[in-house]
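Okay, got some structures for you below.
In what follows, chain A forms one complex with chain B and a second complex with chain C.
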Partner chain A sequence: MDPGILIDIQKLHTNFYLREGVVKAVNGASLTIAKGRTLGVVGESGCGKSVTAQSILQIVPRPGRIESGDILLHIAEGDLDETINIADLNPGDPLMRDIRGSRISMIFQEPMTSFSPVHTVGNQLEETIKLHQPDRREEAPARVLDMLRRVGIANPERNVESYPHQLSGGMRQRAMVAMALMLEPSLLIADEPTTALDVTTEAQILALMRDMQSQLHMAIMFITHDLGVIAEMADDVAVMYLGRVVEKAPVRAIFHSPKHPYLQALLESIPRIQKRTGARLKAIEGVVPNPLDVPPGCPFHLRCPDFMPGVCDEVVPTDTTIDEGHSVACHLYTD
Partner chain B sequence: MDSHDLGELDPRQETGQAGQAEDLLKVVDLCKHFPIQAGFWRRIVGHVRAVDGVSFALHRGETFGLVGESGCGKTTTGRSILRAIEPTSGQILFNDQELGWVDVATLDEGDLRVFRRHTQMVFQDPYSSLNPRMTLLELIGEPLLNNGVGDAAARTERVAELLSLVGLRPEYIRRYPHAFSGGQRQRVGIARALALNPQFVVCDEPVSALDVSIQAQTLNLLQDLQEAFGLTYLFVAHQLNVVAHICDRVGVMYVGKLVEVADTETLYSSPLHPYTEALLGAVPHPDPDYRGHRTLLAGEIANPASPPSGCYFHPRCPYAVDECSHEEPELRELQPGHFVKCHLAEELQLVGVDLEV
Partner chain C sequence: MWKFLLQRLLLFVPTFLVISVITFVLIQAPPGDYINSYATQLEASGEEASEALLAALRKRYGLDQPVYVQYVKWLWGIFTRLDFGHSMQWNRPVGDLIWDRLAWTVVISFFTIIFTWILAFPIGIYSATHQYSGFDYSFTFLGFVGAGIPDFLLALVLMWLGFAFFGLDMGGLFSEAYRDAPWSWAKFVDMLKHLWVPVVVLSVSSTAGLIRTMRANLLDELRKPYVITARAKGMTEWHLVLKYPVRVALNPFISSIAYVLPQLISGTTIISIVLSLPTTGPIQIRSLMSQDMYLAGSIFLLLASLTILGTFISDILLAVVDPRIRLE
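Coming up: the complex of A and B.
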């Protein structure tokens, strides 16, 4: 495996078995996360971006489970150099529990639901050390204070005793970043971490994440539906639609030379603050298909302006390389 | 638009002024204070000043945007104007097509019913704003039924017409909301709002809960309907890019007060209030070449139950001087149509957004 790669996901399938049928939430997605870089994963609701993240941590809620595919985690520390296939591990496996929190941690959209309401912030942060590094538990209070200070929580000596509901939304999100980074993981998964925040608070949290990344040299998998946030944060971008990755590229290529008709349409449909023509927005016609009844062929063909009958509705397109690090899954680009 | 001057104006004499569009709505010194109760006797120990002396006017046929962060009172303002919640004080002067100029804040039951036939609301969450036990026919037909419009057959016909108007197939008329996606449900909400041919619609974050591709469809629909029926919109939102796209004029709110009002181009390209500058600077641009150009505002939004002294924004304002901490600025008209509530507005050189023409 390329030594610069931290996570390599190949043909991941994660299904949800519902009474009404099988929802293929992640349907053959492949992507890589490079060490120390930020991968932005963008897509609309139901595209499988959150389930991909849950699969990496083996926390897919029931009735979902990883059906097939590989999630390779590359660990290189000193003389340790190994590759673990997370997809093969059991969610309750001790190795998996070790990976969660210490090597890969996650922050969520709504900080209130990921903190326990009946324990103080300090207690919950100390717990990560007590669980993962029981021999260093004496250091825990000092390290918690230090981390709270680093994430910019005002008055850490007092706030360490606070309960989550006593903090404001922005402060709570800072506390959650602190909790996720306590053990200095090599990957931080951020699932819409700023969607519930106001723009001025959002700007603060994004700046904090960038700052912590440069201090701790971790990779970030940043999941969002907001292309503005992607442009701000990501080094590389994966665009998802109906469980598949339809385009992967460095961030500049995504915005300056998008290839997939879905991405092109998505970029044209967002109202831009600089443009005020009074003209209508270019909307994508139709709706995302029912995930229980995914159309054959390319998942986007029903809404695609470049639909080619006989091809797009029959064959699932595979990745075509456009440029170094830029690939697209669309029949327009296959020979 | 100083609140005191406006209060003495008779709106009837103001219409038809040279160069000025006809007004549909004038809000004068609107306040909504929610009591904070505590203890066994539910004693009132304080007030949340959700809306605190807001004044603005809406021209007929325009879209006026109210922006601000959570807790700034933009939603409460919208709801107070329709008397969905009772305002604490202030005047809401509305030029009703039947009643003429009325003060909505003091309307009696009967007139309020008439007023509400001409004003409607579109809500943020298309999941919680539609009763899951009612079919589209019942949902969209309910305003018609309640106001005794037509018989059953005429109502069905009107609902089918409204469905095709908002881009839904009339065959769906007997289906329930669960069969529809978020964007389609929002169309149902819009059809319901339009059932009685309103003059004025308050859109409360109508696209915030929708996916990007669906947002564009919904915004286009709102604009088409506005053109077709000459609607006036009060557009409450926090997404500055959406507001830039759809609004003719914009008011910026901070902790219950309007701090700046101007037409959209002026407000975005040359803001006069430091808070407007900070808001514009915080918006993430969908262009990686803009990276790092965002300005960071320190601190957090003031608590509307115990706001700071002087200008509410002064603890976070990078330009604040001594005066700002003890004296509250007035909302002044600095340039024609451009109102700002800041002591330093004349001196500051603030940065807006470069507009592409």
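Coming up: the complex of A and C.
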């Protein structure tokens, strides 16, 4: 494996077994996360971006389950150099629990409900240390205070005793970041961490995440549906549609030379202030297909302006390399 | 926290007064009084009840005075001398009749609540964490059956089973030998041998209810994002379920003390008659039938006070468990 790669996901399938049928939430997605870099994962609701993240931590909620594929985690620390296939572990495996919260941690969309309402912030932050470094539990309170200070929480001595409902939304998300970074993980998964915040607070949290990334040299998997946030945060981008990654590229290429018709349509649907008034906002034709009944071939062919009958509705497109680090899964680009 | 407790404590006084008024008015509400039912009794046994005798009795018990005077006198006696009035039917002070019985009511209710919790708590947690499993379905079924069986019927069946198969007399709280004996370890053990019948009978329906409550609350909480947060930290499943969602789901469980207590106390009435237990239940019914108003009023007042006390206890526990209540 390329030593610069931290996470390598290959043909991941994560299914939800419902009474109505099987929902293939992640349907053969492949992507890589480079060490110390930020991968933005973008796509509309239900495209499988959150489930991909949950699969990395093996916390896919029931009745969901990783069906097949690989999630390779590369650990290189001093003499230690090993690769673990997370997809092979059980959710309850002790090794998996070791990885969660210490090597890979996660922050969530709702800073209000993501903390227990009946435990103090300090109690919930110290827990990470107590779980993973039980022999160093005496240091926990001091380290929590230090981390709260680093994420910019004013008066940490008092706020550590607070309950979540006593903090503002922005403060709670800062505390959430502090909790996730307590053990200096090599990957931070951020699942729409600023969606529930107002724009000013959003800008502060994004700045905080970039700042902490430069201090701790961690990789970030940033999940969002907001292309503006992607432009601001990501080094690399993976675009998902209906459980598949349809295009992967460095962030500049995503905005300057988008290849997949879905991504092109997505970028055209962004409202722009400079545009002349009176012009109608472009929307993507049609709706996302029913996840219980995914069409054969390319998942986007029903809505695609460049639909080629006989090809797109029959064969699932594979990744075609366009450029260094830029690949697209679309029949327009296959030879 | 202390302010909250003080507030609750102060609320106790007006609630008590309102209950005492309602109790007194309700007991006076049916036409006639104890003297009327006494007269009917006398006539039934062939004796003549002269107007003069009845008037004298009315005067003696203060029944010729207006209702509010009777009420104020009664309440004054309670507050100043802990004197709950005179039971006309038993011709004894009410206090002599009820303290023992009230204590037994409390003991039985206490054991029942504890027993209910011991059963409902783990079953509720297991049912929620293993939703739609065989175990969950079995207890859902048993729970509905339990809630559906009338408790006096269950009491009769248990007594019959005990008598038919083990030759046991399970009525009352003590065997013949210990009934009038002074307290000893053996008497205590004998009591426990009898106590389980009313405790089980009374627990059945409230256990069924509490299992449903716990299961529903916990199912709601298990879906909350903070559970995923805890899981993403690397906690073991049992550890995180017990620390977070169970703790939050405790709230409604604790507030249930407030409504389980009055349910239990009124439930005990019928069970006590069936199982001949020395609780307030049997004399409560008799006092109502004969319009022995000070006795009936005092029993209702004390039981209502116990209920307020239960609410108070559950308020305190809630404040201890949930910081959101404490800090408001």
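One rule holds in what follows: the second predicted complex is superposed on the first by the 332 of 335 C-alpha atoms of A that agree within 3 Å, B and C clash if a C-alpha of one lies under 4 Å from a C-alpha of the other, contacts with A are read in each partner's own complex, and residues count from 1 in each chain.
In the analysis below, a contact is a pair of C-beta atoms (placed from the backbone, for glycine too) under 8 Å apart; a residue touches a chain by one contact, two chains touch by 3 or more.
Keep in mind it's a predicted model, so treat the numbers as computed, not measured.
**Student:** Chain B versus chain C on the shared chain A, clash or fit?
**Tutor:** Once chain A is superposed (C-alpha atoms), there is room for both chain B and chain C without a clash.
**Student:** Counting only touches as set out at the top, which of chain B and chain C does A:227 meet: first, second, both, neither?
**Tutor:** In the superposed model, A:227 contacts chain B only, not chain C.
**Student:** Who touches more of chain A, chain B or chain C?
**Tutor:** It is B that touches the greater number of chain A residues.
**Student:** Check the residue A:97 against both partner chains and state whether it touches chain B (first), chain C (second), both, or neither.
**Tutor:** Once the two structures are laid over each other on A, A:97 reaches chain C alone.
**Student:** Classify the contacts of A:207 with the two partner chains as first (chain B alone), second (chain C alone), both, or neither.
**Tutor:** A:207: touches chain B, not chain C.
**Student:** Have a look at where A:57 lands relative to chain B and chain C in the superposition and call it first, second, both or neither.
**Tutor:** It touches chain C, and chain B stays clear.
**Student:** Regarding the shared-chain residue A:128, is it in contact with chain B (first), chain C (second), both, or neither?
**Tutor:** The answer is second: A:128 touches chain C but not chain B.
**Student:** Should A:284 be classified as contacting the first partner (chain B), the second (chain C), both, or neither?
**Tutor:** first
**Student:** What does the superposition give for the shortest Cα distance from chain B to chain C, in Å?
**Tutor:** It comes out at 8 Å between the closest C-alpha atoms.
**Student:** Once the two structures are superposed, pull the chain A residues common to the chain B and chain C interfaces.
**Tutor:** No residue sits in both footprints.
**Student:** Any idea which chain A residues touch chain C in the complex?
**Tutor:** 57, 59, 61, 92, 97-102, 105-106, 108-110, 113-120, 127-128, 131-132, 163, 165-166, 176, 179
**Student:** Which residues of chain B touch chain A in the complex?
**Tutor:** Going by the criterion above, the answer is residues 69-70, 181-184, 211-217, 219-220, 223-224, 238, 240-242, 244-246, 264-265, 268, 278-291, 294-297, 300-301, 353-356.
**Student:** In the complex of these two chains, what residues of chain C are touching chain A?
**Tutor:** 224-226, 228-237, 243-244, 247-248, 321-324, 327
**Student:** Show me the residue ranges of chain A that touch chain B in the complex, using the header's touch definition.
**Tutor:** That would be residues 44-45, 168, 170-171, 198-204, 206-207, 225-232, 234, 251-252, 254-255, 265-267, 269-276, 280-285, 287-288 of chain A.
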